[in-house]
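Attaching a single structure in structure tokens format; questions to follow.
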Amino acid sequence: MNIITKLAVAASLATALTSVSLAQENLNGLVVGFSQIGSESGWRAAETSVTKQQAEELGIDLKFADAQQKQENQIKAIRGFIAQGVDAILLAPVVATGWENVLTEAKEAEIPVILLDRGVDAPEDLYLSTVASDQVLEGRVAGEWLVAEVGEEECKVVELQGTVGSTPAINRKQGFEEAIAGHDNITIARSQTGDFTRAKGKEVMEGFIKAENGGAEICAVYAHNDDMAVGAIQAIKDAGLKPGTDIKVVSIDAVPDIFAAMAAGEANATVELTPDMAGPAFQALSAYLADGTEPEKFIITESKLYTPADDPQGEYDRRKGLGY
Amino acid sequence: MANSPFVLEARGVIKIFGNHTALDAVDFGLKAGEVHALLGENGAGKSTLIKILTGAYQPDGGGVFVQGEQVHLDNPLHAQTHGIGTVYQEVNLLPNRSVAENLYLGHQPTRFGLVDHRKMEANAKVLLQRYGLNLDPGSELGTHSVAVQQIVAIARAVELSGKVLILDEPTASLDRNEVERLFEVVRDLKSRGLAIIFITHFLDQVFAIADRVTVLRNGRLVETRPLDSVSRTDVVRLMLGKDIAFSGATDLEPENAHSEVLLDFRDYGRKKSVQPFNLTVHKGEVIGIAGLLGSGRTEMARIMFGADPADQGTLHISGKPVSIRNTSDAIAQAFGFCPEDRKAEGIFGDLSVRENIVIALQGKLGWFRALNRDEQLEIAGKFGEAMDIRAASLDMPVKLLSGGNQQKVILSRWLATDPAFLILDEPTRGIDVGAHAEIVRTINRLRDDGMAMIVISSELDEVVAYSSRIVVMRDREMVAELRGKNINPGVIVQAIANHPDEAVA
Amino acid sequence: MKRLHLERLANPQLLALAGVLLINWLLFPNFFRITWQDGRLFGSLIDVINRGAPVAILAIGMTGVIATKGVDLSVGAIMAVCGAVAATMVVAGYPTPVAVIAALAVGLACGLWNGFLVAVLDIQPIIATLVLMVAGRGIAQLITEGSIVTFNDPALIFIGTGSFLGLPMAAVIALVLMVLVTFLVRRTAIGLFIQAIGVNRAAASLSGIRSRMLLMLVYALSGFCAAIAGIVVAADIRGADANNSGLWLELDAILAVVIGGTSLLGGRFSIPMAVVGALIIQAMNTGILVSGFRPEFNLIVKAGMIILILLIQSPLAGRLFTGRLVPAKAARK
């Protein structure tokens, strides 16, 4: 994608958000600090670019600080924001613990802090709100799609888990199992970790196919993220089967490459983990600054289901522009 | 118990490793107030006997007796409680702890359960003075010379055991003055009634300090005799079972004045290492280099060989100017170098005898002209035979060979490169008498074949026997070049010891 | 002749590989089933050689480094960098050969950098290569801008997923590389010099071996192998994943070399046995995948197997082993 289309997509996205921004005129001219974890994944890069676009649209002067995966960098950045006297702080915390001191400093400076993506272990009064997705819900949406898709047919599912012991892996597994509970025609035949990576997703799926009679007995694969699903799709193709038809593919995140697969008929469904954490955050901030409305402590973002009916090619192009 | 004349005794001790009998019914008795030298070629069974006497090994037959009573020594610590202490060639202490801590490690005086440093250092000071050491007990051990460390180790061993002191090659890394200092300590301990076992390769030292000598050969006791009734030749004959090849010559070899000059070093030197020196080396001559440890002998050799390249002066080889910037340059000029520290710089322990012999030649040939296995075997076999290397197989790791055979391997390595100039740094240090003789024979043979050599050695008798000139080093400077008749070890020692009337020609 | 043959089969690496494959077969009876599908061989055993190829390729380079008493921690990160270079270049429209050569050149340059730190600046290998291990992944992320760079270039994809005579391309590449490098070190004096440096670098220098040049060479080779592995892995998933490509694979490669009988203290080495070591590791991974164990047990099973294999190779076990073998041989005579 060349730079002109990128700009065009960004502009169209910005237009889509204009309606929201009209209601948040009180944010115009504010200075907001944003301490981002880093750019370790495409989703993270998208979150950064969406946040910057939102801020620009709302007339916010966004001070961006990339912590390169280090908490001490984030703490430094926040202290810097406090010293500069910003009007609000967005924080995507790299870990859950160790924030109490710096959040107290922000509170004493009367700067509201909104957490993005995940919560922290600190007293609730130290921050305004947390904007995050519900990972259990994501798994449940994926499971509910499969339940509706197969109806009463027998369906053997293989599961590509995230990194063993990680919170999203545990939650997304739990949500999916909740959704298929009571539907005895759907069983999870095999479940292994693919470490959230495309390469491991492919390798594990290769193993599953060998173990399940060349893949003939597998009805669907559920991957805890799209990257593993993309790897699994390649493994299915290498085994001479048609992904999306012979083996259904459902996953979570909604990154561009899964839409490319969907457009090619090789993936069936994905649940969006929206990179737009800043939108709800700015909304809450606007309301709070306008009349002191205390927002919910946890603002849950939408877990939207995308299927081939949702213009996958269009979604692919739109998302590519976000830096995925 | 009082009827035994011996403090420590081994009776009919047998030790078998696999199908090899390391000790075959050996008797050994140690009296109080004597220094008892234990001699034998490598592999004679000296160290096995010592390990049995200190409890490191258990005998397969016979027994160990302390003051006439049979004891079972579980380990060296247990031997200590029977009054038996050992000091090894490599000081076995902690160089980064204080002298006092090293003396009392494990037995520190305590106060309220804590180590009483003040008391410990005061005790240490008194103790060290008895050994003629006047030093700060709080100083780090590693900052002192090896000789001082050795004496500290002796003091510790005597303090902890008190009856028997075993000195296992304690002088191997000491220079002459240091050896003398150590001997004073040993004589003092002897006069205090300690029984001392002394193991060394230096016959001079045996005659200087020991009262009796026990000779082992091939795991058997040859004889125990008072030293005043034997000559050096007797001892050597006992060890080898034959007369060795070289005798104590006192005159230099005649200078080969007519032969061609091979090397001409002019103002050759390296900053912070060795002062510039002038030296010419003829074909077919051996130049001996004498000097104390640390006098710059080894440094001089390394500069000549390009291991630490010269940063001043010139070198002409057969009249043509040559620049040697690294060892490869030197080897390309047909130089060879047997380093002093065989284990650290000479052998490749895990590699085979064959590989150890061909490596320098292969280095000369480069990466891509590889010798194949047959060629390697041919070369290794040829030189192994010429040097009489005793190895079960050319494919066995060289580390399994005795020190003398390892030295022969390194010499073979250079001979395989067909060198014109060979530098030997302490080629006979710490090796058995048989290998020693073999190496001296080889030096003579190579000289007669026209090779130019530089030999660094502390064995002055030996150097005098094969050299035509002696270069004396002191304080990193070449201070004398001795030549002509009437050069003997005494003259060299005088030159080393800075006498003004040096016989500089 | 016959005796030589028997001894070869009795070497601990091949025994360990046979043992792991046997266990896999017991856990999953179809383990050895190989079918012909779409012009290529298909089966778990093929997965083992295909998936084992990247670590095998790394191990080929790592063997030389470890034999010199060094270690190269940066290979995983170099994989990520080189995969990223190849992927972004084909995406930007460069011809595939140009992209591949550029990626290989970058790997070589990374290796030379490591070699420079180790050989010229005399920095300890573990520290010297740690620099690129940390920085390399960051560089890879800069190149890919944090996302997976997906490509559809058929020639590049062929390197990772194609097949030659029915065998996976990655395995063919590993095999060819193994033969070439083994030939290079054994038919020249390089192998002997590498061992000499590993056993005693001071003695090697005094024997006229240009140890600096040689160290540069082995680290450069390691970087080059990492580049190949990085391209293979990226080509396999049709994308350069800067965050995960080669992650922790340096440790697998070191393990493969050690299982292959090369000591971390340097000296004697065997490149083919290091490749066997990589296959042993992958056979375990594949075995775990087809066995249906719960993923929580993956690491425990793997660690247990590795301890077992290393124990089999230990000198103690060796003595027990030969202790039983020697009388048998004597009897045969």
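For clarity, chains are labelled A, B and C in written order, and residue numbers in each chain start from 1.
Here is the rule we use: contacts are C-beta pairs under 8 Å (C-beta built on N, C-alpha and C of every residue); 3 or more make two chains touch, one makes a residue touch a chain.
This structure is a prediction, so every number in the text was calculated from the model and none was measured.
Asker: Which one chain sits nearest the middle, judging by mean Cα positions?
Answerer: C
Asker: If every chain is reduced to the average of its C-alpha atoms, which one ends up farthest from chain B?
Answerer: A
Asker: Tell me, please, which two chains come out on top when C-beta pairs in contact are counted per chain pair.
Answerer: Looking at every pair of chains, the most contacts join A-C.
Asker: Roughly how far is chain A from chain C, going centre to centre by Cα mean, in whole Å?
Answerer: Result: the chain centres lie 35 Å from each other.
Asker: Could you state the distance in Å from the CA-based centre of chain B to that of chain C?
Answerer: 45
Asker: Rounded to a whole Å, what is the gap between the Cα centroids of chain A and chain B?
Answerer: One centre to the other, that is 72 Å.
Asker: So which bits of chain C are touching at least two other chains?
Answerer: Residue numbers touching two or more other chains: none in chain C.
Asker: What residues on chain A touch chain C, complex-wise?
Answerer: It comes out as residues 38-42, 44-45, 68, 161, 164-165, 190-193, 195-200, 202-204, 206-208, 210-211, 214, 227, 230-231, 234, 238-240, 257, 260, 323-324.
Asker: Would you pull the chain C residues touching chain A in the complex into a rising list?
Answerer: Interface residues on chain C, with respect to chain A: 28, 30, 35, 37-38, 42-44, 47, 51, 138, 141, 145-148, 150, 161, 233, 236-239, 241, 243-245, 247, 285-286, 288-290, 292, 294-296, 298.
Asker: Using the touch definition from the top, list the residues of chain B that touch chain C in their complex.
Answerer: 305, 307, 326-328, 330-331, 337, 339, 344-351, 355, 359-360, 362-371, 413
Asker: Can you list the chain C residues touching chain B in their complex?
Answerer: 187-190, 192-193, 195-196, 199-200, 202-210, 267-268
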